[in-house]
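Next come two complexes built around subunit A: one with subunit B, the other with subunit C.
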Partner chain A sequence: MTTPTVTPQFVKPKALNCPNCGAPVELRGFAHTLNVVCPNCHSILDASTPEFTILQTFQRKERIEPQIPLGTRGKFNGQPYQVIGFQVREVDSEGSSYSWDEYLLFNPYYGFRYLTEYEGHWNFVRVLSALPVELNTMGKPAVEFQGRRYRHFDSLSARTNYILGEFPWQVRVGDVVQDRDFVSPPYMLSAEATPGEITWSLGEYTSGKQIWAAFQLPGSPPAYYGVFPNQPSPYEGKPAAFWSAWLWLNVALLAIALFFTMSSADREVFQNTYLFTQGAKTEAAFVTPDFELTGRPSNVEISIRTDLNNNWAYFNFALINEDTGQDFDFGREVSYYRDSDGAEGKPNDSVIVPRVPSGRYYLRVEPEMEPRILQSMSYSLTIRRDVPSNAFFWIAGVLLLIPPVFITFRASAFESARWRESDYAPAVKSGSGGGGDDD
Partner chain B sequence: MSAPAANCPSCGAPVTFRWSSAVQTTCEFCHSILVRTDVDLQRVGEVSDLPPDASPIQIGTEGIYQNKAFVVIGRIIYHYEQGYWNEWHLVFNDSSNGWLSDAQLEYDLSTQTKAPPQLPPSGQIKRGDPLQVNGKTYFVTSLTRARYKGVQGELPFQYFDKTILLFADLRNSSGDFATIDYSEDTPLLYEGRAVEFDDLHFKNLRLFEGWS
Partner chain C sequence: MLLGASTYAHYSGWSLTRINEQKVAPKTVRDNPGSYRSMYWGYSRYIGGK
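After this line comes the complex of A and B, so read on.
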């Protein structure tokens, strides 16, 4: 990268002793460093003055050890960066407070970058020199940057709680900045406002694994909790893909259903008309003449048409194989009532017996009507072999709905979890279990 | 690029110019500020010690920007509330000049352009204001009050010591950058772009201990 002209002269890092406690203080940011924290007594020193003036001393009993120690180098976008500063920032929101860690990274040619970490979620952040465009579409603030639209997530004020290392700007414990975050996973745009300036930065969601690999840290990164504002959804694009697959499967299903309808024999094998009289001396039960059922095992449909009117009848059926004696028993009630208010039931009915093997069959029929009343009905029986049936396809259609509905539900649950922490969390929501609090 | 040679009127050391249009330079040896006249060099002052500086750029650093080679021939160091920043004076291989600003290793490259007469005067410009300049829309991102902290090498104008200088930085969403310099009666305009380190294909940079 560099071709030294004469003898290479190196810019050397400065080192001095803390005027408060005497401990050696190393500077990794060369002359960029404006403020540095004494690693021993935690005084904040002015590194731009030769005497390292003390700017702030703070006593804090517990020491916070950054997960990535100061001085560690890691590679990002092919360039090495060194951790030179660390701060813990805190946000108070509705009575509870939470804090996150911020690492300052430095490369003497490429400049400064940041890493933020909250509950195992990491972001690699850089300050932007181009300005995002603020939009306000129907009251919902958003920004656009390089062709991407970012939705406003939250506005908060962040307070610096703890600092280590060095910074190229003035830093004190207790500093407060106003921060607005906009998300478009895996990216986040943040506008940090101090009284004098607004600084936009762009963060990219980075897994703990990538961070550990970049810095070659020992062990494995701590697991993350919850959903981070710009964490990419594991379901990203999946609902659309599943619904499109569902659509195509339905087209295929329809084609198969159509094929079966067209290829079913749907043949009438028996038809006759009878008269039944309740209370007649004759035996009600009778058998039909034989009929032939041919082809692969398939269904048989028995249709009943009656002239019932404000009456009911019950039919006991047995479809009996003449050769093997195998029988299929079933019954059907037909009722039809009609008055000035409307009609109930139907004078006709049909029943499908599935998977009847081929062979010679007859039907045993035993009609019944309201006893104690002398009455009669006329009815016809039609038996058809291999009629088209769409029931299977309806069931398949419903079953096919399960994966896309499930994935859509999961995707939306992930998004709900993301936005629950935002300024746009649903205000009042009964528990997700559906407690049923109707008021 | 011409390199007319002369001698420092103060210490006699040879003084070379890399840019024929340079108005002023500094003597590398005695740090005199030398102004070029028709006949000779005149010493107008002396540069005080430059503040410690960690810019990777130095006089003599070369680079290529948008297929045009340049060399760094001078610099102005400004001091403001947040520290220092460098304006590196560049001369391109077509003899035009430009400025590479390096503020905490964030780089902007600009050249002086014709300032339209309707530029807002210093008292009427506010941070956040949108501004139309030479067909581009910008927003005022910062107003910086600064003072000269030092000069080095060849500059296109004569060093002058104004106590406080006001700069308005303008930016937009496509990475355009402009500065309005209110140090003269009529504001000066510089237009360019925010640039990445890798955009400039540098050679002959400074070296940092532990980073080579």
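After this line comes the complex of A and C, so read on.
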């Protein structure tokens, strides 16, 4: 009779001692943890074996403190998670290194999530179980996932530089993955490829304030810098809304201008033709007969039509109220020259006198011409009351352009800042200065 | 607001024309127009031409 041998199943302890330095090491990921980092000596230990073999010893002297301490608990979308791992990863681009932080979150019921942080920009990330569909739109890679299209942003090699805590995968300082990022703000799809495996993850842009609130961290989050690839634009949808409003305001403006054009009295109150001879011994100045201006205070147009040809004339006018003596004083120059090269000036002109109250008026006219020459000019004067004038509507139309043009420029500048860090950044002229922050 | 301002400006008969408004013209203007000197008298004489 043989006695059956029973191999006792290894049950991971919740705490162990580092075989390198003897410091206690806490496990929060239970059976999921494959590697754990000693918080004292930073040796990477194999948590899947009972003896906790040392996989890698810590070489760096610099120690990095995560902004969210390991073991901190927080809630995202009502689900509690605990920070159990932290790593710093780095990419090299055009001779410069850029590093970002990644936090591993764990909930025994919901599994693992990740938080990434780069210069104050945060993303809440989950690994995908379904694969996005890879596309090629207009020669550029893209992917589609759950009906949303993501544009390729960049492809880089990411290297793990620093690790703390525990991980459900084999992790070493110096690990390198090929990373491709696709963006559709506020989401980002990332494909991390290692030999024989590609992992897709979906990140959602999250503000530092939300992170601080979720983990109830003291103080306030560091301010973000620059524009992150999947950062939602504060101008999203605004240019279209502003241009739509501009269109409707212009329709309203046009309707108002048409209404005033059609409802203006535009009534002729005086018209006469005169002959002026420069150098004649008679007095050049004269006054017209009285004419009646009725209605609300509105404009008065004085039109001058002359037979000038290669000559000029100047008219001194005074529109005077017969009863009150109120005087609108103004002058008008008319000149018309032409030769084989073309013409300059016009023999006719007009002037609009603003806000003339109703009453009986007459016009004082004093024409002048080149004084050294004996010459004459025939001209007619026409006075009209309440003529349509759309000058203010034209000005309003131009001013209405300012908000949509401004917001379109700002939105475009934001998108330019976003894509400046991508594989599709516009070429920068050599010698040009660097841009500023655009937050 | 811009629409309202432009509508009011138009309705009130405003203009962009530069006009000098003297409050009271002398009574003698009608009888002796030549004695009146406008604000623009001798101000802008054209001396150019092609």
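Note that in this section the second predicted complex is superposed on the first by the 414 of 439 C-alpha atoms of A that agree within 3 Å, B and C clash if a C-alpha of one lies under 4 Å from a C-alpha of the other, contacts with A are read in each partner's own complex, and residues count from 1 in each chain.
Methods note: a contact is a pair of C-beta atoms (placed from the backbone, for glycine too) under 8 Å apart; a residue touches a chain by one contact, two chains touch by 3 or more.
Fair warning: this is a prediction, and the values are worked out from it, not measured in the lab.
S.K.: For A:Pro132 in the superposed arrangement: first (subunit B), second (subunit C), both or neither?
M.R.: first
S.K.: Under the stated touch criterion, which partner chain does A:Tyr110 make contact with: subunit B (first), subunit C (second), both, or neither?
M.R.: first
S.K.: Is A:Asn310 in contact with subunit B, with subunit C, with both, or with neither (first, second, both, neither)?
M.R.: Second partner only, subunit C.
S.K.: May I ask you to decide whether A:Phe30 touches subunit B, subunit C, both, or neither, giving the answer as first, second, both or neither?
M.R.: In the superposition, A:Phe30 touches subunit B alone.
S.K.: In the overlaid three-chain picture, which partner chain does A:Val351 touch, first (subunit B) or second (subunit C), both, or neither?
M.R.: In the superposed model, A:Val351 contacts subunit C only, not subunit B.
S.K.: Between subunit B (first) and subunit C (second), which, if any, makes contact with A:Gly74: first, second, both or neither?
M.R.: After superposing on A, A:Gly74 lies clear of both subunit B and subunit C.
S.K.: Which partner, subunit B or subunit C, touches the larger number of subunit A residues?
M.R.: C
S.K.: Looking at the overlay, what does A:Ala396 touch: subunit B (first), subunit C (second), both, or neither?
M.R.: So A:Ala396 only meets subunit C here.
S.K.: Using the touch rule from the top, collect the residues of subunit C that touch subunit A in their complex.
M.R.: My answer: residues 2-3, 5-7, 9-27, 29-30, 33-34, 36, 38-41, 43-46, 48-50.
S.K.: Give every residue of subunit B touching subunit A within the complex, in rising order.
M.R.: Per the stated touch rule, the residues are 51-54, 56, 60, 81-83, 104-106, 108, 127-128, 139, 141-142, 171-175, 177, 194, 197, 202-212.
S.K.: Quick check on the complex: what are the subunit A residues that touch subunit B?
M.R.: Within the complex, subunit A touches subunit B at residues 1-5, 8-13, 29-32, 34, 48, 80, 107-112, 127, 129-133, 144-146, 168-170, 196-198.
S.K.: Along subunit A, where are the residues that touch subunit C in the complex?
M.R.: 249, 252-253, 256-257, 260, 283-287, 296-299, 310-312, 314, 316-318, 320, 324-331, 333, 335, 337-339, 341, 344, 351-356, 362, 364, 366, 368, 386, 389-393, 395-396, 399-400
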